[in-house]
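Take a look at these structures.
Look at the two complexes coming up: chain A is in both, with chain B in one and chain C in the other.
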Partner chain A sequence: MNTVNQTIEEILDLAAAHFKVPRETISPDDDFFKTLKIDSLQALDLLTKLENHFHVELPDYELQGVSDFRTLAGKIQARL
Partner chain B sequence: MAFDCCPTEIYNQQFLMLDLQKYSCLGAALRDALDRYSSETCLIEADRDREKTRLTYSDFKEISLPLARALEDADFDAGDRAAILMTNQSKWLISAYAIFYSGGVLVPLDYKLTADEQLQLLEHSKAKVLVVEYYLWRAIMQSPEFQNIKARLVLVTEAPVQTDLGGGFRWEDFKRKGAPDFITRQREDAACIVYSSGTGGRPKGCVLTHENYLEQCRALTAWYPFWPGVRYLSILPTNHAIDFMVGFIGPFLCGACVVHLRTLRPEFVRDAFVRYRITYVALVPMIVKNLERGVRAKFDELPPWKRAILNRMIALNKLLTRSRPRVKMSRMLLPQVHRAFGGELLALITGGAFMEPSTMQFFYDLGIPVVNGYGLTEAGTALTLNDLKPFRADTVGKPLPGIELRLLSPNQEGIGEVAARSKTVMSHYLDDAELTLETIVDGWLLTGDLGRFDKDGHLQLFGRKKNMIVTEGGKNIYPEDIETMFDGLPVKEYCVFAANYVWPQKALGKEMLLITLRLEQNQRFDGALLQQIVDRNRRLPDFKRVGGYVVWEKDFPRTASMKIKRQLLAEEIGSTVERGAVVVL
Partner chain C sequence: MTESASACDGSIMSWTMADGVIELALHCAPCNELGSASLEALETFVTALEKMQADAHSLLIYSEMKPGFCAGADLRELQRRSQALGKVEAVRGVRDFLERIHRVFNIIDAAPLTTIAAVHGVTFGGGFELALTCDLIIADKMARFCFPELRLGLIPGFGGIPRLKRDLGNGVVRDLLLTGRSFNATKAQQIGLVSQVVGEGEALRAARSTAAQLKKFDHATAMAAKRFIKPIPHEDLRREIDLFCELFLSPAVDEALRKFVESADALPYLP
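For the complex of A and B:
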């Protein structure tokens, strides 16, 4: 099973690829709304990509109040 | 009726909706609708691509009456208040009907608020009963304020069996056999208490009567009717005035069907249009823009020759729909576009926040009318709507039937504050006579919004007098409600404003909140202070965050009771500092 750090790295890779931003411009504690310049619907889109990648299912409410990659990784890690 | 594709063979049969004028309360009208349309489908609930629930009006009645009976046995009386705190789903509507059947007053609460905020509003409403979704209840149970909860009966939906619910009961088990007594209410009695703001300061609980809802439903369906076979996709939260009316009361009183999705992932929303052949959907600008992005991306993928044909078809459609929508014809001209939306979509309804005219025009040119409107919780749901005769992307439409609007103190350009008088205007703010007197003057609701009527009677909005913003997600955010998050900030004083309140714009949109900081003597704005602001800001939900700050060099003007004179301060800042001086966070 992935460690949390591996999960974070994979999330950052996927987010960078999905929103076409250089990987080195985003880091675990970034506010992804701000760094990626996305709205909450685009964040939900990202969540779908992450679900497919990690083979987990996260209800929308898991993202409520989450705005940084590290916390998001924790939510995913808890279901791996 | 504004469309040429309405199934008039059905619509003209005058099976039609109930005569709402003869009803004294929502419960009675809904009860008759459940009997009249018993074999029609009223609810579909899907989670991703899995359909979870499909109910007829008869099924709905069968599930809701045992709940009403159990409420009755739990001494829930006429006029008692019951709060619902859930995401959009069938149990929301079933619970609401049981509450109305029992003569109760419904308090729809926003599931996107924090647990502490929800508890504040719950306390203010004095709700005796709370119906709450399990994940939200878990968060509430972890709040320090949980011990003070006053609701004496808590029903928790979808809770795992044998889980500790902190004194709550599983909704699914809370039912009793036997016919409940139907408790009738009068038109002037409260039907709902809907909070338009007030989580951080002064709660604004709009008390809306049965008459408000019955008349609002009559007004809306006069222009945009529902009928059996119509499918409304419910995406906006049902606690929101728009979805409560067009995603519950309106369709139910006309025998239509409401489709709930348990996820708002764009891909599943797009899929739902097709799977359930959606007729109407109400959306906030953020979602409409998302749809636009998706459609444009598809267009961009087309090979040049196909794109050229598409562009010609769009141009032709635009020409032929100049005076009114011709949806049938548009579906023939642009079949691939309409298939992607299920093929039966009649309109996208928007309102509650500023919508880019270009986005509305984009969809209209594809043959998908965007019905833009304007309203506020205090006025029921909508005051104006576009009647599509012809489509106008630059206005919020005309006053609905039965609604009078006028402009107060118009300036030289004819722009004044919009005031409304109608049977849809709320009764009062709960437990706040002073605010009610300030807001409803001589029977006219002062909206705080600035507008002007054009020669065709369309209302155009030009900003607002109020210190608030409306997000693209349709959320009203009052600065006072978020200031508490900055408590303890090491500065002399601070105040949060809507930027457009400080620097009035003659347009809507480009809204943001800013925090004005007055530093202590000899204090310098440094990185540590910035970090404190950023940290506090990040604890707020993303749609409530302040977007920038201004350092102000003078003490804030205050009243004798030391309250900040916000309007005066805003005027001073606005006349001294340029908007461009706001430092973006």
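For the complex of A and C:
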């Protein structure tokens, strides 16, 4: 099973690739709405990408108030 | 709109028929919201469908809009009309709209064709309900389904609950309805809602391939099977309209619609 740090790294790689931003410009504690310049619709796209990648189901109400990659990784890690 | 016996190129949706397959393409920005103009276009489509279906075996419905299949009812239009008309008059308008869209959805649901929704991205509310009228749903793996209506103090009004109840277990219906959560194509396939999950951008191709397979079977037999397995839940549909109109009278709905309309976010009611 992934460690939290591995999960964070995979999320950052996926987010950078999906939203076409340089990987080195995003960090675990960044606000993904601001760093990726995305709205809630695109955040939902990211959620779908992550669910497909990690083979987990993450209800969107669990993400209420979550805006940084590290907390997001914790939510995913809890379902791996 | 340019229309012939078997094709129409409109600003909201277009359709073509070739080799027994009717294709309805939704292309109204931003994400095919269902308001009065799209309802009129759908009514025009089902009138044409009743003529075309004698020469067809399948109907495919898909979206050409990048964000998804359909984001549901046009809530901005609903809020504008509600404000302009006052509550009593507005609820009359809502009932009329619901009865018209139920008529259209029932025609698609019972059409003597095998119907396939090829969906991607946002398939929410009324968009989800449109997909549920179809016999098969083929989903791009980035598709996402949701009934967000409870966040507005409402229930789905375009036949979603009765059709989900018909097609799936009641536990699934309650989860989707009462939590208002969205879920992806893989989950949708696990619960029996989606028949095929395909790669990104592949849903229409897979739907066309499925339609080509359907052509090999005797159409009358296929339609007898459809009528047997897919009855229209008329009584529940009628009760759904009554309940929606009753809930629409609540002042909480006005407030929720106002918040929705004033939000600058692309999906103001999520997560």
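The criterion applied here is as follows: the second predicted complex is superposed on the first by the 80 of 80 C-alpha atoms of A that agree within 3 Å, B and C clash if a C-alpha of one lies under 4 Å from a C-alpha of the other, contacts with A are read in each partner's own complex, and residues count from 1 in each chain.
Criterion: a contact is a pair of C-beta atoms (placed from the backbone, for glycine too) under 8 Å apart; a residue touches a chain by one contact, two chains touch by 3 or more.
Keep in mind the model is a prediction, meaning the values are calculated, not measured.
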Mind working out whether A:Thr48 is in touch with chain B, chain C, both or neither, as first, second, both or neither? both
Report for A:Asp31: first if it touches chain B alone, second if chain C alone, otherwise both or neither. first
Examine A:Pro22 and indicate which partner it touches, taking first as chain B and second as chain C; both and neither are also allowed. neither
Does the superposition put A:Ser67 against chain B (first), chain C (second), both, or neither? first
Looking at the overlay, does A:Pro59 come into contact with chain B only (first), chain C only (second), both, or neither? both
Touching both chain B and chain C, residues of chain A: 39-42, 44-45, 48, 59-61, 64
Chain A-facing residues of chain B, complex: 87, 112, 114, 135-136, 262-267, 286-287, 290, 472-473, 538, 541-543
Applying the document's contact rule, which stretches of chain A touch chain B when the two form their complex? 31, 33, 39-42, 44-45, 47-48, 59-61, 64-65, 67-68
Across the complex, what residues on chain A touch chain C? 39-45, 48-49, 51-52, 57, 59-61, 63-64
If you look only at chain C, which of its residues touch chain A in the complex? 67, 121-122, 141-144, 179-184, 186-187, 265-268, 270-271
